[in-house]
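Paired with chain B in one complex and with chain C in the other, chain A is shared by the two complexes that follow.
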Partner chain A sequence: MTNTAKAIGAEKAPIFEERKDQIHRIGEGDFAMACNRDSLAGAVSQRACVFCGSRVVLYPIADALHLVHGPIGCAAYTWDIRGALSSGPELHRLSFSTDLQELDVVFGGEKKLAKALDELIVRHEPKAAFVYSTCIVGLIGDDLAAVCKAASARHGIPVIPVQSEGFKGNKREGYLAACKAMRTLVGTGDVSSISPLSVNIMGDFNLAGETWIIKDYLTRMGIEVVAGITGDGRVDDLRRAHGASLNLVQCSGATQDLAKMMRDDYGIPFVRVSWIGIEDVAESLYDVAEHFELTRPELAAGLVDRTAALVREELSTLMPRLAELRRDLEGKKAAVYVGGSFKAFSLVKAFRHLGMEVVIVGSQTGTEEDYRELAAICAPGTIVVDDANPLELSAFIKEKDVDIFVGGVKERPIAFKLGVGFCDHNHERKIALEGFVGMLNFAKEVHASVMSPIWRFVPRRETGRNVSDASTATGAEATGAEV
Partner chain B sequence: MLLRHTPKEVTERSALVINPAKTCQPIGAMYAALGIHGCLPHSHGSQGCCAYHRSALTKHYKEPVSAATSSFTEGASVFGGQANLLQAIDNIFTVYEPEVIAVHTTCLSETIGDDIKQIRDKADKQGSIPKGKHVIYCNTPSYVGSHVTGFSNMVKGMTEVSESTGKKNGKVNVIPGWVEPSDMEELKRLAALMNVPITLFPDTSGILNGPLSGEFKMFPEGGVTMKELKEAGDAIGTLALGEWCSADAARNLDAKCKVPCRVLDMPFGLKATDRFVDSLRTIAGTSVPEEITRERGQLVDMISDTHQYYYHKKVALFGDPDQLISMVEFLVSIDMWPVHVVTGTPGAKFEKRIKELTAHLPFEVNVKAAGDMFLLHQWIKNEPVDLLIGNTYGKYIARDEDIPFLRWGFPILDRVGHQYFPTVGYKGGLRLLEKILGLILDRKDRDDSESVFELTL
Partner chain C sequence: MNGEIVMDSVPSSVELMESPGNGYKGPSHAATTNACKLCTPLGATLAFKGVEGAIPFLHGSQGCATYMRRYIISHFREPMDIASSSLGEKNAIYGGGPNLKKGLLNAMQKYGASVVGVATTCLTETIGDDVARLLAEFRTEFGDLPLAEVVHVSTPSYNGTHMDGFHGAVKAMADQLCVEATPANGRVNLMPGLVSPADIRHLKEIVRAFGMEPIVLPDYSETLDGPALLEYENIPSGGTPLADIRSMGGSRASIELGRAISTQDTAGTSLASRFGVPLHRLGLPIGIRETDSFFKALKDITGRETPRDLALERGRYIDALVDGHKYVSGMRAVVYGEEDLCVGLTSFLAEIGVRPVLVATGARNRNLAAHIQAACGDVLREMPAVREGVDFFDIVEEAKTLAPDLLVGHSKGQRAAREWKIPLLRVGFPIHDRFGGQRQLCLGYRGAQELFDRLVNTVLEKKQNDSDVGYGYL
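Coming up: the complex of A and B.
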C-alpha cells in the first residue's frame, strides 16, 4: 500500500530535453512554447501524417470517389475512418486502393492508376474523384496531376490530385493539400439561386450528425447553408460554395486555408466559430447574425432577435438538465488532449459549466498563439503541452489526479489503465457533441464516465482516497466490496 | 445498403483493390515485436504509419500500444533516414528505457534504401545501445505481401539473435503465429499440461490483455525475453504454427542453429489441434495427459450433440491464410460447406491447400489469394451463404445480405472477448462451436414462424 500511495505523489514525467519547451506549467516562468515543430525521432508521438490530414478532411464528401494511390496500408487504415454521416450517398465509406506492388515501385504506378480510375468512374459514376498521393508516390515520382488531368478529360468529371505525401510534415500540411484540392471545385457551379443571407459551414465533419444540428440552427435563423465543408459534403455544393456570403470556419487548421483562398479568390469573408460549448455556440450564432445585420441591414431585419430567441429556447431546455449533472461533477478535474487546439478552448469553457476544472490541456498541432491564449484562460498550475507522448500524458494524469481524460483513440486505453474516465472527442465519437444539445450530450457522457462505479475498483485511486481519508483505513479489497 | 455499389457480375480487375482483406507489412511487425518482453517497436518511416498501426492495434485490443517512429520529413526522404534512426535509438534508450528496440521499415525507407543493419551497427559503435540492451530489426516493405508477411519477417528477425552453444537445453520452441494473446496463453497451458518446457515467441499474453492496474506501463509484464530468444538456438526442436506466419523463422533457426523444425497448421479445430498435441508429444518424448484427452473428448461430444445443425451449411470466410486453412479444415470436419474463401495475402499455395481440403466436397470452392472483400461480396451475391466468418470489416456484407456473422481474425474493432477467450486448442474449438451454433440457432429462432418456434434444441 505504501508503494501505491507513493505513486499518487507528484511523480514527474521523464521528459526529453528537447521537448522541455513544448510543455508549460501556467504560473511557472514566462510563457513560451515551441510548436508546430517536427516530432523528435524516436518519440512515441500521438501525431499522424500529411496523408492522414488530407484524408480526414476530404473523407466526408460522400458522392466523390476517394482513391488512394499507394500500398494497401494507407487505404486499409482509412477505410470508413470516421463517423462522418451522409444524408444520401455512401460512396465515401468504401476503400479504393491501387495497392502498389514492388514492380509498380520500380516501373511507376501511373498506368495502374489510370486504369483504376477508368474502372471506378465507369462503375460508380461519381461527381468527382480525389486521388491521394502517399509517401511512395512522392518518391517514385508518378505524375499524379497528369494522370488526373487525362482521366478528367476522358470521363468529363473533375479528377483532382491531392498532394498528400506522408513525409511532407504532419496533419497540418495535409489539411492544406485538401484545401488546395477543394479549391479546384469551388467556383465551378451555378450560384444564381443562392440567398444573400447564406453561409458555408466549414471545419465540421458531421460526426454523429453534428452538421445537421448547426444547419438546423442557421435555418431557423433564416440563413441559407450552401455547403457543408466537408460535413455531409457534396461535390455540387462545393462547386457552388463561392455563392455564399460568409464562411463559418471551425477547427484550427482543417479548412481555414480554404477560407483564406475563398477570401482571396472571391472576396468572401470568414469568421472563426466553435460549435462546442454554450458560450461558443451562442457567440458563433450571434456573430453570424451581427455580420449580416452589418453588411445586409436591409435583409437582416429581426435576425439578431431571432437568434436571441433561438438561444433562449435552447438554453431553457439545456440549463436545468445541465444543473442536475453538475451536482455530481462539481470539483472534478479534467485533462484535455486533442488534435487541434480550437477544440481545447471550447472544452475548457464547457467543463466550467459542469463545475469542473481543466488541469492538463494539449494538442497535436496547436500554434504558439493558440497555447498562449489557452494559458490565459486556464488556472495557474495547469499543464499546457504540445505533441505529448503516452509517458508524459500518464505522468501528468497521475500528478494532477484527474477524473476524466478527453482525447482520441490512442489515449483511451491509457486513461482506462490509469483508472480514469474518458470521453472521445475525436473521430470516433458516437454522439453529437456540437450545438446546445451537444453540450448536454457531452455532459451526459462525462457524467457517465466520471461517475462510473468501476473506478472504485482501481487500486491506485482507491488507495488515494484511503490516504486522504483516514476514516476509511481499509484494504483495497474491502473498499472494492463496498460497491 | 452500404455496399449498394457492389454489382453481382464479377469482372477481372488488375489495377485496383476495393475493400481490402489485408493491410500492409509494418503492422504485423509491430504486433510481433510487442510479444517481446520490454520491447518498443520502432517504425522507420513517416509518423502516419506508426500512428495508424498503433490505432489499429489499440482498437483491436483496447490496450495502450506504444511504438516509436523515425518521424521522416522531406529531408530524410531525400538524404536517407540514417540520421533519424540514429537519433531515435539514442532518444529511446535515454527516455523510454526499453530492453530492446525492434525496428521495422516502411515503403518509404525501403524505397530510399536505408540499410538498417548498417545503421544499427553504427549506433552500436557510437555507444547509443547501452550494454545488455538490444536493437533487432526486419525489413517490411509495404508493397510486398501483406501484414502477415510483416509479422513473419519480424519473427524471423527475432531468431537472428538465437545462438547455438552446441548443448541442447531440452526446450521446444513454439512459434504460434499471429494469434491472440489468449491463444498464446492457451498454447502455454497445453504445453505445461504435457510437461513440455517451451519457449513461445512472440508472446503477447500479458501485454495486450493485461489487467487494469491503475498504472500505465509502457512495458507490461509478459513477452518472450531476449535471453530466451538467444537460447532458442539450443532447443531440441521448433514447432512453427502456420506456413505464412511462422515457417521462415523456424527454418532460419534450423539453418543457423541446427534446431530441427516442423511446420504445422495453426491449431484451430479438432484435427489441427490433434496434430499440434501429437507433434509436441513426439518432439519432447512425453505422453498426452488425461486432462487433454478429456478436453478433446468434450469437443467431440459437443460436435456430436449438435452436428445436425451444421449439416451442409454454407460458409463464406475471409482473413489470413494460416487461420483460414485450419478453419476450413474444421468446418469441413463438422460437415459445413466453406463455399467462398478469400485472403488478401498473396500466395498460390493458399488456393491449392484450400482446394485440397475441400476436394471431396460435391462442389468446387471459390478461393482466392490476393483477393478483396468486394470480390467476396460478389461471390456471396451469386451464391448466398448461411454464415460469414472474418474480421470486423465483414459487418457491411453481413448487414447488407443479412447473414449471421462470426467475428474472427484481425482486426475486431467492434466486439471484445478475443483478448481473453482462446480459439486454439480443444477448448478454443468449444468456443468456436458455441459461437457458430449460437449464430445459426439465433437466426433460426428469428426466422421460424410462431407455429414451429421451438423451446428445445
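Coming up: the complex of A and C.
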C-alpha cells in the first residue's frame, strides 16, 4: 500500500496546477498574477487567518486588555508572540481567553464572556478592552457587540468587539476588522495641545524598539508624533490620533484601512512610507518634510534642510560600516518571502546596498499591482510568488541556489534544512531592522549567517567534494541497518 | 479474546482515591490567563507526524494549521508541514466536505503522502461535518486511484487539551490502521506519549538491548529531529512504518507510558481487547523507581535480565545522587505542565530530596492527585498541593504563598521564574526560549542523570552568581 500510494504522488513538479498563475518568472511571458485568492486546500499555505490579521495589528496596544473569545488555542498560540516593545505598561504580553468548553458551545458563551470581562477589567484596570471573535463564535451566534456594550457601560471603558472569525477570509480581512475596531477609539480624545507639525506612525509595531528609532528621527526634524499605530501603542494616543496632521502608513495592508477611514472621517491625508533600507527611509523622511513645507510653509521653514542634515549624519556613520560588510557579501543571492509585499520592495533595494541580488521574492498577501511593481524592479529570471508553500519555496531555493532566505519562523526550517542562511524579518525578531541603524543591523544579520563557516559542512556544499560516507547516509538506510 | 492488562506500577484502586489535602475547589475564574495547556488538534498533529510517510491534516480554517506549525517549529526547529482544508465562509455554511476531499487529494498527490492524519477543529466540529462519512465518500469517489490511508480523529478544541488530541490520534491509528489479526511478530508495542525525539531514541535503544525490536507509536524521533539534507523531503524520513502499525496486533505485548491515561481507553486497550495483546501500563520512566518499573516490565516480557550497560547507567546515576544530593536537598519546587510529565517529574524530584510543593496542569479530570500519591507516596512525607484545570495566573497566585525555590516545566513558566529570581528547569514541550529542546533526554536512568546534572548545575550557577565571593570550587 505504501508503494501504491506513493504512485499517485509520483508527479515531481512542486507546483500545484491551481497555483500556476500565482507564480511569475520575470522575463518569461507577459506579467499576470492572480492574487488575494483563498489558499488551496491541502497545500501547506504559509498564511494564517482573519483572527491572526486582527491580533497582529492590535497586539502592541500595551494598555488594552486583549481577550480572545473562543477555545484556548487562538489565545495560547498568540501569547507574548511578538517582539513588540512598550515603554510603559505590558498588558499586551499576557494571554487572555474565555477558553470555551463544550457546554459553552452548546448553550452559548455570552455569560462566560461577560464574567471574564468583569474579572479582567477589575483585575488589570485597562484603558480599553478588545474582544476577539474566533471561528466558533461566528457559528454559535454569541452577540459579541451586545456583551461588549453592556460591559463598557458597567466599567466605563471602551469594550470593543473585533469581528475576526478565522474562516471569514484571510489576514487582510483581519486587518480591516482591527482597523474598524480602532476607528471607534479615534476621535474621542482631546487634541488641543497637538502641534500642526504632527504625524501618526502607522503600520509599525515597535518590534525591538523600531518605532522609537523612527520617532527619534521625526522628533529631531521637529515633528510631533501623536500615536504609534500600533507600535508602543496606547489607548489614549489612539483616541487623539485624529489630531495629527498627517498619517505615515507603512506595511501594505495592516493599517491602510484605518488611514483611509481617518482621511474620510477627519480629512487627514496619508503617505505610504517604508522604514526599511536606505533610500526608502530617507525618501519617507523627505516626504514628511516636503508635505509640511508645502502645507504649512509658515511653520516648516527649513524642514527639508534639517531632514537632509539628519540623513547625511546618519549615512556618514552607516555607509563606511556597510561597505566593510559588503566586501564579503558581494554577488551572493537572496530569497525574500514575507507577509506584506511592501516590505519586499524595501528588502530588494536594501540587498542592493550589500551587493546582493534578490532572486526569489514573494509574500502572503500582495496584490497584483504590488507584484507588478516588484517585477519591475527585479532582474530577469527572478521568481515572483504569491501565497507560497514549503514545496515551492524549497524547490525555488534549490533552483536559485540562494545564500540567504529572509522570512519568518515558518520559513526558517525550510531554509535551514537545506543548509541555507536565514534572517528573521518577521514579528518575532529581537533585533531592530528599521531606520538607518536597522539597515546596519540587517547587514550584520545577513553577514553573520551568510559568512558562517558551517555551510561548508551542509550536504549541498559538500557535494562534489571528497567526503566521508557518513555524510551521505540517509535516515532510512540508518534505520534499515539497525533493524 | 481479551488481553491481560498489567498495571505494573499503577495501583488499581487509583480511581477511588481522594485528592489529598485541603478541600481546594479549583479556580473559579471565567477568564483563562496564560494557559497551561494547548488545544486538542495540536497534539493530534504531533502524533500523526510520527508515522512514516504521513502528513498531518487539519480540517478547519487555515489559521489553525499555521499557528500550530509556528508553535511546533519554534520548539523542534524542524519543518512541520500541516496541510489544511482551508475552509472559508461558504464552507462553514454549506459544509467542509468538498475542501476536505480536494485537500486530501492534493496532500496525496503533491506530498506523496502514504498516510494522511486528519484531525478536526472547533470549526468543523461545530458545523457538524461527519468526517467518517466524508472519508467513506472520498474513497468511493476516487476509488479508481491508489489512495493513501486516511486516519481521522475528532479533536474539537473546546474539549480537552493537546494531550487528549495526542492520545486520541494514537488510538485512532491503532483502531483504523491495525484492523486484522496478524501472525505473532515477537515484537513489543510501545506507546510513549508526548516525549522528546531523544527520549524515543533512548527507549528504542533500551528495548533493543533486551533483544526485542519495538514498534513505537508514534515515532517522530527522526521526522522532528532529522539531519541536514541535500534534497528537501516533502515528508521527512523516519516514523513508524505503516506495515508495523498493521502488525501491532501480533506483538508479544504493549507498553503504554503515562499514569494519567492508565484509566482511559487507549491504543493499548484497543489492541488488548481486539487482539489479546497484553498491556503494561506504566508511568513515564522518569527517575529511578519509575524507570525500574519500566525495566521490570521489559524483563517480564522478554525474560531477560537488564543488560550490563544499562545496569551501569543506573549505578552511575545513584552514585551521582550521592555526590550531588546536598546541593538540592530540601529545595521547594513547583511542577507544571502535561499531566503524565507532571507525575514523572514529581516522582523524580521526590526521590532526590527536592520537595514538590505544588503540581499543576491545565488539563481537567485526570485524577492527578491520586496518581501523584501512587507514584510518590512512599518517598514523600507530605504531598504537594495538586491542581487541575489551572492557568499560569492560578499557578503563580498559589505558588507565591509557597515560597518555591525552583520551577520545573516547559518554557512558559519563564515569567514567574524571572520575577521571583529562581531557576526554571526547562523540561517538556514547548521549549521556546532555549536551544535543543528536541534533543533533551528525560527518560531512563540516562535521562534521569541528565535531568539531575542540569538541575544541580542550575542551582550551582545561581549560587555562584548570587554570591559575593564567587567560589571557584563548589
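One rule holds in what follows: the second predicted complex is superposed on the first by the 450 of 483 C-alpha atoms of A that agree within 3 Å, B and C clash if a C-alpha of one lies under 4 Å from a C-alpha of the other, contacts with A are read in each partner's own complex, and residues count from 1 in each chain.
Rule of thumb we're sticking to: a residue touches a chain if its C-beta (ideal position, glycine included) is under 8 Å from a C-beta of that chain, and two chains touch if they have at least 3 such contacts.
These numbers come from a predicted model, not from an experiment.
**Student:** I'd like to know which partner A:F416 touches here: chain B for first, chain C for second, both or neither.
**Tutor:** A:F416 contacts both chain B and chain C.
**Student:** Tell me the contact category for A:T211 with respect to chain B and chain C: first, second, both or neither.
**Tutor:** Once the two structures are laid over each other on A, A:T211 reaches no partner at all.
**Student:** Scan A:V458 for contacts with chain B and chain C and give back first, second, both or neither.
**Tutor:** Both chain B and chain C are touched by A:V458.
**Student:** Contacts for A:K168 in the overlay, against chain B (first) and chain C (second): which applies, first, second, both or neither?
**Tutor:** In the superposition, A:K168 contacts both chain B and chain C.
**Student:** In the superposed arrangement, does A:V50 touch chain B (first), chain C (second), both or neither?
**Tutor:** After superposition on chain A, A:V50 lies in contact with both partners, chain B and chain C.
**Student:** Do chain B and chain C touch any of the same residues on chain A, and if so, which?
**Tutor:** Common interface on chain A, chain B vs chain C: 4, 7, 14, 16, 38-52, 70-79, 94-102, 104-105, 112-113, 115-116, 119-120, 134-136, 138-140, 166-170, 390-391, 394, 409-410, 412-414, 416-419, 457-460.
**Student:** For chain C, which residues count as touching chain A in their complex?
**Tutor:** 29-35, 37-39, 41-42, 52-53, 57, 60-71, 73-74, 77-89, 91-92, 99-100, 102-115, 121-123, 126-127, 145-149, 156-159, 161, 208, 213, 222, 226-232, 234, 236-238, 241-243, 362, 412
**Student:** Looking at the complex, which residues from chain B come into contact with chain A?
**Tutor:** Interface residues on chain B, with respect to chain A: 2-5, 7, 13-20, 22-27, 40, 42, 45-56, 58-59, 61-74, 76-77, 83-85, 87-92, 94-96, 106-108, 111-112, 141-144, 146, 210, 212-218, 344, 393.
**Student:** Show which residues of chain A lie in contact with chain B when the two form their complex.
**Tutor:** 4, 7, 14-16, 38-52, 70-79, 90-91, 93-102, 104-105, 111-113, 115-116, 119-120, 123-124, 134-136, 138-140, 166-170, 390-391, 394, 409-410, 412-414, 416-419, 457-462
**Student:** Would you tell me which residues of chain A are touching chain C in their complex?
**Tutor:** Listed in rising order, the residues are 1-2, 4-11, 14, 16, 38-52, 67, 70-79, 94-102, 104-105, 112-113, 115-120, 134-136, 138-140, 166-170, 390-391, 394-395, 397-398, 409-410, 412-414, 416-419, 457-460, 463, 474-476, 479, 482-483.
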